[in-house]
């Protein structure tokens, strides 16, 4: 059994880790910290876990995370970088669901997250936890920067085309839509039911933290300079993310048939348990991934055929966060990658 | 492996059966019928099942249900009664999720369902599939009438008090609220998004089919004449059911303390895997049961203490329908009752 | 023109007052206070009012409310009682949308609201602002305690039966359901979209502030001792309130026909512009009142006929709060009661 | 008073016309037809109109529409073209909310709507009913093709840039999102609450009828060849439309400052009562237009400044349909354009 610690288990990615790990056959939940909820049973705060998780939250001071095999950070940005060095020194693996170890470019990190990076030494060994693009490194990693929810969809959607050099790398447009749980479990007016229900809006159009993260990763697989216009929107639904990606085919690629385009994606993801390439022209719904680790992709090529429209859906809390983190953990501990992640999406 | 057939698998209870059975370790999905969708892959109609269910729908004429070990009917009322005799004669067990075998009182059935009962002979051996009240009979049954969603909450909520003879059996009030999926997957104006979202209403206040079903069952455990006022309401949510039950304590029971009341329920359900008696005074949310087979109960005794208010929540498609049916199947085939039903509720 | 001040205009009842008064032909918005938003244009906080309301919020210290003809308090409980004496002394009328002047029983107020009442002297002249039951007093009032949202539905639903002495006054049950906007515009986890959407729950079952308010008012019209069991619930919708009321007919009233029952209500509300008695057996939807000042009632008498079920719907922010307050204002200033309140409900 | 007929008043644009016209000071509702609901009071089908609209639906055969001053067609495509000639011959003006008279290009119409156009003669005099771009023609028109909901947002969003020749006219991208009411009031599985709530999807990505309509209109104001990639999506909300428009600045326009860009739009719409240009960088929410005829626009220019992102929101049933139709009617009858259209948006 893998002894598991969770730092900051009161948010949505924390409770989603608990949901997944509660039935993971090799997971032994050992400690879950929350300064504010010290001593409170997890199942009191989350009645959905009554009878399934017996732990109490404990103050970070009291929890002995050093005895864990792996610690997940489901915390605000900045927490993991402060605690990771000691844990790693004690032989504990670390998976950070926040942004501390996602970006190699410190300047970009500090600009977008408004804080100094206190743990630059570890960045070079930190591995970006997107298994479909980075599997071998994850297997050997001690320290994972788990991808952001939006970047997961953008990378898996653009990657096959970028790798093949078929599209203008500097004209990528991603029009993305997220459920409200992506904003976290915070006491803020802006995400109240009465403020978000029965309405729709864009936000952060001038710039969003997930842009530099995505560009950094896409640049690794593109021979040409990547540029990305990313527009996030808020959808009145709890879970779910839908990215509508627009890629301009190069003149030299205009002869590509739709069948060849489709095959490119099917080949890219043929062996992936958690990426489903749907038939050409499909319209995936976010609910077809609800509460599961699957991500679905469908291709379109409307109008004059110059623009490839890639539709990508996932559950932002699973493949977009906690499920992906467990997928990484499975790889890091030599387990089958799908262990504990076989949830069938909830429909309706 | 248990060879399983599903008749009428295109509705919500059908697809929920598929979701549950897809990861049930002893289930082998063998046939699923739909006259209209003959030849269509199940996963084409329900993309949430892509990669998880390989079957195609087949016309009832072609499907050889007689080779199954058990057949579930996820059909409109009246279908199971037509096909059950042949299946039973061939040694196939039958679990009907509709109303054909729920009520022993044929006159009541025919009045409320507006059809003649064509299979009265089998009624006497049909077992009402509520394991918490009927477990031993279910184990031996060949033919199950799976309870309605509302009746499950009303019975498990009132039963301990009625059995103990503490309340006026003829003054029961059940003010119940259901998510829209309870109305099924039908092309009807009244359950469109634009008709039901951001609104709330009662329906069927003058009389609802679940009243006679519930009274018949409650009468079996009550020494006194049962009468029930049942008011169903429609909530703008997909899944979930919340029943607010009002029971008047007899004068002779007014001395009962809240602790004794609480203990009565805890004792009644102590060994039940799928009934959770929450601390006295709790306010269970339907989402704490979402997509799982758990039903939660909480007790209140406001104001002058004469009325016990029992709050009961469940997922109407799981404990209120398909999960309960699989729970019955497990009992009928000698499996652990919880096999394949350990889903942790989805939150948020 | 009536010069109008609003204290605390940043909450939902405040912005709803603004929406209504923006097109009221006799209203002149003069001052709107918010300590926190001093100097901020109202339309910046509420873009829905761009081009419709030109005021800025001003700090309470700066706003000269004494020059107003009437001041509405859309504030937390306790604010109006502190400021009302000075305003009244300056000839300004006061309408409090909070609870400070709703209850004559100071002990009950202090018990349920957890604060000392600092303005007991004015209670005797304060008028409970429910026009349908209190019109003549409202016309002459200087100081109005505007009713709570739930109490409005419970009073208008039970009143005809209680006045006629037909029901057991001490066995009233009100099972009520409210949209989330009823909880106000507060930064609280419990009313986040991700916490309340796609779910349903009861709250405050052990006791709620609206119980003593309602009992005090109902007692005024009942010859017998009133007792009330009130169970509030939270519905995943923004606006709307649905009260399901259960009243037990006295033995002496069992001979009443349904037609007589219906006539009792139709007679009671025949001349009321904002109370709609629907045909016997109707199922009113909350959306049929959305964004309007109408309240609809429908009667049922199921099962053995002993219990009258009264369904009452309204928009909690209009007839349940700000619309009712404007209705009172119209009466206090000698205007037609419906002035500025002729909004047709929004459907769908 | 203007005598008004409505053909097909049972759908969402029909009932929205009724809501608006019920308080329009110059409107006299004279006839409303529905073959299926002949004789049924409008307020029985739509309780929101109880006490506000006294008409009954009448069969098209019985209704004497020729005595009306204007007839609105809130019908499926193809109905207006069959009845318009007779009405016009009798001096009745016609406003079609469907597509029959939107497009001058008959071949495109027949391709996208799958029917022959039976009334080609009238096309040349039909006026496209978008007042902000077409006001003078509307004033003189007898026959209006009222714009589609999506096209309204796309045209008003792209128009100032296209007119000024600042952007690549053949690389327009419109990523648009609509509430479910846009799909109409039809008994279809795909728009059930349980199918659309808590989910998000694109649809019609390969091609949508609103593309040729929009291109035809934009071409009229563009000196260069227009091409448009339009991707519609379905949002789990009742009303509201949000279009995210992407326009590529020409190299020659890259020197444009954001202030100049903003001024371009402010100048374009300065005198428009129903177009609100918000401050540069705003994020308009659909709810800020709910149930009103306002359309709001906000500009962004993220990243390298090459792409202008134009955010446009409206209520799809008002400015996107019935409100716009009444705006046209006002112009056609010499009324102030805003008559009867001063509804303040509903918030929350």
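We just call them A, B, C and D in the order they show up, numbering each chain from 1.
Everything below uses one rule, namely that a contact is a pair of C-beta atoms (placed from the backbone, for glycine too) under 8 Å apart; a residue touches a chain by one contact, two chains touch by 3 or more.
If you want to know which protein each chain is, UniProt gives these names: A, B, C, D = N-acetyl-gamma-glutamyl-phosphate reductase.
Everything quoted here is computed from the prediction, not taken from an experiment.
Enquirer: Which chain pair is joined by more contacting C-beta pairs, A-D or A-B?
Expert: The greater number of contacts lies at A-D.
Enquirer: Which pair in B-C, C-D or B-D has the same interface as A-C, with over half of the contact pairs matching by residue number?
Expert: B-D
Enquirer: Just how far, in Å, is the C-alpha centre of subunit B from the one of subunit A?
Expert: The mean C-alpha positions of subunit A and subunit B differ by 37 Å.
Enquirer: As a quick test, compute the distance in whole Å between the mean CA positions of subunit B and subunit D.
Expert: 46
Enquirer: Report the inter-centroid distance (CA atoms only) between subunit A and subunit D in whole Å.
Expert: Once rounded, the distance between the two centres reads 39 Å.
Enquirer: Could you pull out the residues of subunit A that touch at least 2 other chains?
Expert: In subunit A, residues 12, 179, 181, 185, 194-195, 197-198, 236-239, 284-285, 287, 290, 348 touch at least two other chains, as defined above.
Enquirer: In the complex, go through subunit C and note every residue touching subunit A.
Expert: Going through subunit C, the ones touching subunit A are 12, 179-181, 185-189, 191-198, 236-238.
Enquirer: Which residues, counting only subunit D, touch subunit A once they are in their complex?
Expert: For this pair, the touching residues of subunit D are 173, 175, 177, 179, 194-195, 197-203, 205-207, 211, 227-229, 231, 233, 235-240, 242, 244, 246, 281, 283-287, 290, 300, 302-304, 307, 309, 311, 313, 348.
Enquirer: In their complex, what parts of subunit D are in touch with subunit C?
Expert: For subunit D paired with subunit C, touching residues are 12, 15, 19, 22-23, 46-52, 181, 185, 197-198, 238-239, 276, 278, 282, 284-285, 287-292, 294, 296, 342-348.
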